[in-house]
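Structures follow.
After this come two complexes, each holding chain A, first together with chain B and then together with chain C.
== the complex of A and B ==
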């Protein structure tokens, strides 16, 4: 985990004589560059890249980020995040408008968006309440079981979820006269949501709630002996993660303009885990890196495969091989590779340093 | 009815009251029929050889394990069925024999988590603000256990002795009324031991504690009463001098190298 802490900074600042750097100065240069490139991306990239590659990356990154929050800070690998996202997606389809006029309720956007997020958060919280009774592999098993139950339920229930075909023509509301499904608005919409959820996770990870969650991860018994209700803390983490996943789910449904059982199917559930693991579960930027790799492979692997004379439908093989390679060489995902490379660079510069962690 | 019994215990004025506390692991009784009480502010040592059930007793008092039988009252309130965090919020604290600290966090963060655990805002999503009284308290606690220099050090990088001191800081967070110290001196150097004795003797008078300690020199210098345990039962109770001079105790415990432990 990160070693810079606000408490330390606050204490240190009382001793330092020179004024503390403002927050603008504390943001490292690479972040400024990435941020600038992200802002002017519509000038560089074409609509396909904006909408299909980056839009999708940000969305999957957010859903995987909710898993990273639970797994990285809470030590709980939950496979329910895609289902929670799908629940929110179904929420906007059912409460708002869709091509299935008689099933959708046609509520106004300012009502159906928050209600969809709340429903998804309640769903995630209930699953969390069941899952926190288990640990490790059993958490994975129980959330996977509930995720697959949810998939079959949406496929078989026609009264609410419209069964196999789901809902089509689910589009974002025309706010401020903008069609948010056009590539450039959609790019900024997903970018904004992704940045906000990233910042929220970074901020909360250093809040009392986030610190205590990391404490619960490292020593649940000790946390109880400090007066924390460990179970309640874990469940609250599911609630927080569910909100992020829900926002991602709504954006995903808007991007595809449809939601169906396939959206919450087991392959989609597993993909979120793959994305989070490939990117790295230790820092909130990991899921976005993982999502970019996944989306690039998914988008361009058919071309590559066809180039080798193989069927384009074998893209899953390529994704699987990429997953194996990364996990084989770095259990911490791409972030782990990056950390090790930086460590090597630093040791090269400073021959007196041993191979220690810090 | 419940109120009447509460009043009764308040009248009897005990900080901790154990009646027939038993803990079974399968068919094995780790502790059986433990009955004793500790007055507020009283400092008691629990002695006994390895496997006498001292740590199990602590775990039952704090709620890490639930007792199989018997009742535990804390400041007059029956807490037998309370989960650990509820007991902690009533002023009980403990330290662990094997350090259970948060290695990936700094010293200040560890103490902050401890202070936050027994105050409001445990679920707060807002970071502490400059000048938060809790942060001042964190600084005081760190100073009380002589860790000011190491305030921003990761706990995994502290020396063993420093980790033991941090354990004590965590136990002092909030407003403790009764603390259970599980072998705080184990593995400490003579200097660190002296520091520990100073810290314990310097605690405010209203804070009582029970200390498990193998080192008789430490145990007898920081306690005013002693409970001797053997095979999961209370074997003897008395003042340090009584226990030290008791022939049965000498044969059982002091005789076979009690001094050489730790």
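== the complex of A and C ==
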């Protein structure tokens, strides 16, 4: 790195090496802009957008983020994440308070939230321990089968999960005198959780554990030969992803104020996969982009379809078609499209590279 | 078989014993003490027969899935959609023509054509990319499910059983004694027996074709080493197309059968996709006898579970899968690759 600034050159020569830029300087400009817009969003958007669009985006983004972590860094496409999230949601409904009176235990919030997350993490870890015995496509099949078993179980079991109807009136606790289900507090709550889990994934991906996990993804046998416990790393990845999914699941239940077998049904499970894949499985920001696209499509596709003179109920076809097109033409999602576009722009501008033809 | 017995004498002993006990439970008349513990024999027999029939249906659907996977490594998660599509088409045909039997060949050909399109247009474009195939077929199944919902609506359909198959048939199996002390034989819907026999016949035919014919030789060679088969001058893409069409057609026929003795409604596609997934996970990928064993196991556990522990019947299925995964990750009859 050379600077044209003479003063800078003097500085560089006297100190030989420039000091490491502090972490604030390393954050690129677009991130600042996005962060600023996200913070002042309540000034711009109305309650519907805050609660329904952005709140839902962050929640789905978190659940899809946990899938992205497993798939992107661990090479394991797990379809169990929605079930883990649903487990945490059920945990909150069963341990805390709900409209179902006797079925809920009515614990205080500082107890039931951690316990719900821990239960979900244990569930995710057990499933992970089963799933890591297999590889690639088998993992998808097994997690899908377990997810569906969980769905049918919640639907048939009335003692714990209250069967078909599930739990309603599951609301966040009133903390610090704030009703967290009001649009603005809920927006900041989901935003905060989403940012935290995003940062956690970024941090873990650069930690020794994350690097070892990526090593396991690329060459399990070599990592095993180097003395790493491949299975333990994979299972630990499931545990970490389960915690993120669990937080997302609790928020999801609070947003809908209810949880039922439909929350963890096969369509919901597939939706999480669609979101993660459409966004892109390479980087942690992908799932949030995918979630925003999904939520926008889901919210406004009836209007779009009606605009084209079609029935508004066919939004699933629209979403499925969009998913198909993206998977067909860009297996790494919207982020992949963006990367390729950037790459092409860069090459066009580069005069040293064969006139930019390559 | 002999090799297995020699290698694992204890396991074969346990399996033989379990089979013997099961057969005795089915065939022998139950004493009053036993009825006190296990309930009426009729209930048990009905659950067993229901389970075996359901297993036959699962086998028809899962056999295509496992064959396609074993030969081509193609993961067709739209298999359940093919099942439901076959069912709806069968319903339309049998309603219009009034012939139940006529629906089978027509649906087989139609759904087989859909399978050919899938193989030729989707899977050949992404050969070897299992993950992408999975995603694409999930997308296809979402779109197909919505289009079928559009065409046939949300209500459930049942395909009418033809007259000559409706009503019960008496089986030479004792279900109990009536008040006068006479033995009563099991009565079971004739159409289910027909389904069971048809599934067995199809299974045996498949086994014969796979093991005794030239085509079967090609398919088995393809399963073992695709590249070598292609190198020895076989037009492997034709074999692929044939197998894919056959598997898809089988799923379509499964749809008619499922629509006859259960019902067709949105959501059945995922149910049968998952059933085939579990069946092939339990039985072993790419193995037809494995699919048969897995299907019967899963069907039996589902039906017996429904009778004896209604809340936990799904959990039994799941437990079987977990046990198989824990002790034999490649499936009961699967081979490690």
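Please note the rule applied: the second predicted complex is superposed on the first by the 336 of 358 C-alpha atoms of A that agree within 3 Å, B and C clash if a C-alpha of one lies under 4 Å from a C-alpha of the other, contacts with A are read in each partner's own complex, and residues count from 1 in each chain.
The rule is short, and it goes like this: contacts are C-beta pairs under 8 Å (C-beta built on N, C-alpha and C of every residue); 3 or more make two chains touch, one makes a residue touch a chain.
This structure is a prediction, so every number in the text was calculated from the model and none was measured.
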Chain B versus chain C as contact partner of A:226, first or second or both or neither: first
Which of chain B and chain C A:236 touches, first, second, both or neither: first
First (chain B), second (chain C), both or neither touched by A:340: neither
First, second, both or neither for A:277, with chain B first and chain C second: second
Common ground on chain A, meaning residues reached by chain C in one complex and by chain B in the other: none
Touching residues on chain A, where the partner in the complex is chain B: 1, 3, 5-8, 10-12, 203-204, 206-212, 214-215, 218-219, 221-230, 232-233, 236, 240, 358
Complex interface listing, chain A residues touching chain C: 77, 130, 133-134, 136-138, 140-142, 144-146, 148-149, 152-153, 156-159, 266, 270, 273-274, 277, 311, 313-314, 316-317, 319-321, 323-324, 327-328, 331
Partner chain A, residues of chain B touching it in the complex: 62-64, 83-85, 88-89, 93-94, 96, 100-106, 108-109, 112-114, 116-118, 121-128, 130, 135, 138-139, 151-152, 154, 157, 170, 173-174
Complex contacts: residues of chain C adjacent to chain A: 75, 129-132, 134-136, 138-140, 142-143, 145-147, 150, 270, 274, 277-278, 281, 285, 310-315, 317-318, 321-322, 325-326, 329
